[in-house]
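Got some structures for you, see below.
In the two assemblies presented below, chain A is common to both, partnered first by chain B and then by chain C.
== the complex of A and B ==
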């Protein structure tokens, strides 16, 4: 088995990313650890300012100044620690090994060039020898996603609908045969039926090509539909990470519980839906010590004001909360406490 | 009370050498909102729901049809009089980030319409100042904090509340909320919806809610009405709860089936209809508009256009030759 043909695992360890502001360097990510198991789809769920995009960009070592990685590592199987790469080595990894699908709504495509031209640019910048083969692959991929590949490659972005553009983004991320794919808000600004179609395609392509996929989203429903596991982010921390059905069915962290309760649903008593009080912290309003969620937390206790809870294993997941009883001391937990 | 009948609207699309063609955004839509009522339009992007909302707020012209506000036919009025009537219907913009002037403080933003209002009603400047604080309190934000600030200093949720407060300055009877929560963080979204619901109950303001997220429509009130719009035609209309729990039109069923299932809490509805994606079908206009995407179409659907109406055993109106109740929405898993 060669490195490039199997789904890689990803291990983010104690990653801290700080942004330079007039008030000093503030952490957008504060010692985040997250493991993506090979071949799985992970949902990274969080609100704006939770650090989910910063974490996603870190997989490409693409955090832009004034942001800076100040500690931690991002290990990807077959690549090593991405955060140590630079220059041409880094450029080759992006696209070839890690594919990134940008938000369709944002202008991630060049409006002055046809999709085909942009595909050729991509091929040339990655020294692809056989460009006709690249075009064939692209056409096949687009065909797989239900589009007329030839027509799409001859089109400009404004001639394509949101759903089509999203599929072009997925094609560009996969055409160089990357096996780790990051999708940033893949369905934001798409309507319900297009969203359902895109999510189905993501799942099918994931399975067929043997990928490790990370979906960054603010929408718990999107994560619920397609992922194997969900990592919930709040204030630059992963506060809960576990299997999707478990996290949704019996959320442990008070934030996850609140987030799920805040989703208006189609069945059941609508009056049970409740907004979370308060608002999410921004870089400037993040408390310097203690739990970042305590201001909005119904389970707040004294220790929350002074000690930032570390993520601990609780049954099938990891939770960072003082109010959650850790699992009966297993070897793993004991090691972490030591 | 607003009653609209037979609203049509076409846009001229610029074409190639052979000339453009008309895109029919609305094909004879009727709707009515009573005092304190809640009406929701749902549909895919491009179905005409936003156009309809803008027409209702007097921001867009229509080709034919009539809007009657409190018994006054809008077509019988001159522009200036019509404007005065439409001022009672205020649009809340989709994007709170671009709806506020970035060079003005919130105080300045609210002052202009309040000064106008004070002049109209013969009140003093002090009243206007008071009213600004009163309105901000009403929408749940602290006037002392917000008034001297610029929009960029506020969070998205606060900005949306300011936009709502600004709409309330002219004492509107109807608020048109076009995707008003789609750009707000999930944990705060429900707060904005609760505010709209509260304004309905406390001030008797009607809400015309335009969205593609059907679940949020439920939150506005169980006495609300839901209109499902497809390619400019209302294809199903009825009480919100009824249309959601027992839809009869295959398009409504596709829309409801496309909503993500919260696995672990819900399982997919028993009669879920696999949604098919929108086709480029602005050309074909014979027969039912939805026929080419419909899994239940028959020959009749391809030649004849079904009109909105009611038949014996459905409580809602629909435009389908083969209506059948299907239970498509996710079912809660009881542990």
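== the complex of A and C ==
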């Protein structure tokens, strides 16, 4: 059933996605470049509205109207540039080669059909020859996620809890053995313990099958637990991307620093947790030029008003900030800013 | 299954209540309209020299209840007659039971109304899906506009237009009546052809009158479902177009069954105009004639049958709903 046994790499280049609004077409992604290394789990974090889902949809060429890709490409190994695919070619990639767990996975099921019938629809759509084996795989996956597979397959959506539906969504994304899996906030409807269990299973399956995985999440804790690398988004840009331990241990971008300080669990003491001042920009309030983070930035300088910082390599990560020098000397950066 | 039975029981109870209300109202009307027709008939018979008890029996036979005794006794007698399907005697066609008249008229209404409704439902629903999916296309626009226009035209105007077009401008169909009397009734080709020819215009009128509403309702329902997350999710799982379409159509058609039940009820009312225009001997024409002749027993009976038809249509639509929607079938919350 597998098409290629190796995990694909993904290269997003200069991707710009705009949404049509009454004020014209405004960019939700402004020239985003992001590489997912084969076989890794990447966490995509950032405040609400930063463009995480838009980027996730772009991996399937599925940005919904009134949005559209206006520039850039999304290369996936073994598939090519998905942003050039259309029609049946695109359909066959979706589900079969790229598994997708919808942000609102609780509502991702047809209310009029049992889960089992929807599973068969999925199998038939992708010409799966051995449907009984597909059902067995589905049951096994559901079982691993702590559900009674047989019962769930016989159920309608309304007979399942929000968390059960979310796990069904994950099962449907994994059951066809896709080698690239995109999970958009896959555990939001789950309690902490179930959430941890599900993420561990996603991680297990990821390792067993040799997948490349992108997990979109609000939750830095989730990202810390399961990811190999973290990409931080702000205002339609990836402002910092690097190995998880490095990004969380010594964040370089002032936004990442603020984000981590705002989380009591990671900064250790609830008294020390400080909310980031100000609010993230919306499409309409995004500054037309300069750094999109400058209004909230403690390290703002003159150049930030006029030049949008390009991401540059800093050690093993990429950071987009005028206050960060390409050299890994964070002490000097601080001094300069003061 | 249990919930279906429980729903059915609920419907039957509500339907019975509705029928009871209608019969009671028609009883009260017949008893209280100025110049009480029952009393008048009774007195007319007395004047004609009939003995009081004989006149009483004759009047009772006519209306299905006794003009004498307390109002309550008369009411009970009337209901008792109804339970035995005794609707009284027609006044305008003396000596004929109301039930017989209604029985022979019913088929001329039920078949064209059902045929026309199903035709417009199927057509409107199919084209409505198309109009919703091709929202920005020219044909999609044209369909939606045709729906809005037709929806705004009253049924009897459509009837008159259809009549003008197909019997005068382009006379290919008969203008009225149920069938040409020159053919022998029975299962023979000329008779059936004549039947179909005569039914075409009424059915076409029902269909055109309903079509606009269906296309608009289906279009908006499809647009709603298209915006639902599960359709996008199904698309992102790479489901085939045909399967996606079935997901969409089945979910979108669901709310229309409720409207279907209501519209069937409305159509039986609309039959009054259509059957008058086409001189078609159904319940609507029977009702109009009974009003003209002040034939109150016939009026009451016709009301009753129309009410029963509405109740039955409602139950049928609801059962259909339950077959399609598992949330209803198992009694779960949506």
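As a working rule, the second predicted complex is superposed on the first by the 312 of 338 C-alpha atoms of A that agree within 3 Å, B and C clash if a C-alpha of one lies under 4 Å from a C-alpha of the other, contacts with A are read in each partner's own complex, and residues count from 1 in each chain.
To be clear about the criterion, a residue touches a chain if its C-beta (ideal position, glycine included) is under 8 Å from a C-beta of that chain, and two chains touch if they have at least 3 such contacts.
What you see is a predicted model, and the numbers here were worked out from it, not measured in a lab.
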Determine, for the superposed model, which of the two partners chain B and chain C contacts more residues of chain A. B
Contact-wise, after the overlay, does A:279 reach chain B, chain C, both or neither (first, second, both, neither)? first
Just checking: does A:247 make contact with chain B only, chain C only, both, or neither of them? Give me first, second, both or neither. first
I'd like to know which partner A:196 touches here: chain B for first, chain C for second, both or neither. first
Which of the two partners, first being chain B and second being chain C, lies in contact with A:86: first, second, both, or neither? neither
Is A:156 touching anything from chain B or chain C once the two structures are fitted on A? First, second, both or neither. second
Which partner does A:23 contact after superposing on A: first (chain B), second (chain C), both, neither? neither
Now for A:224: first (chain B), second (chain C), both, or neither, which partner does it touch? first
Where does A:110 make contact in the superposed view: on chain B (first), on chain C (second), on both, or on neither? second
Would you pull the chain B residues touching chain A in the complex into a rising list? 44-45, 155-157, 185-191, 193-194, 212-216, 218-219, 222, 244-245, 254-266, 275-278, 329-333, 335
Using the touch definition from the top, list the residues of chain C that touch chain A in their complex. 228-230, 232-241, 243, 247, 250-251, 254, 324-327, 330, 332-334
Listed in rising order, the residues of chain A that touch chain C in the complex are 60, 62, 64, 91-96, 100, 102, 104-105, 107-114, 121-122, 124-126, 156, 158-159, 169, 172-173
Chain B-touching residues of chain A, taken from the complex the two chains share: 47-48, 146, 161-163, 190-197, 199, 218-222, 224-225, 244-250, 258-260, 262-268, 270, 273-276, 279-280, 282
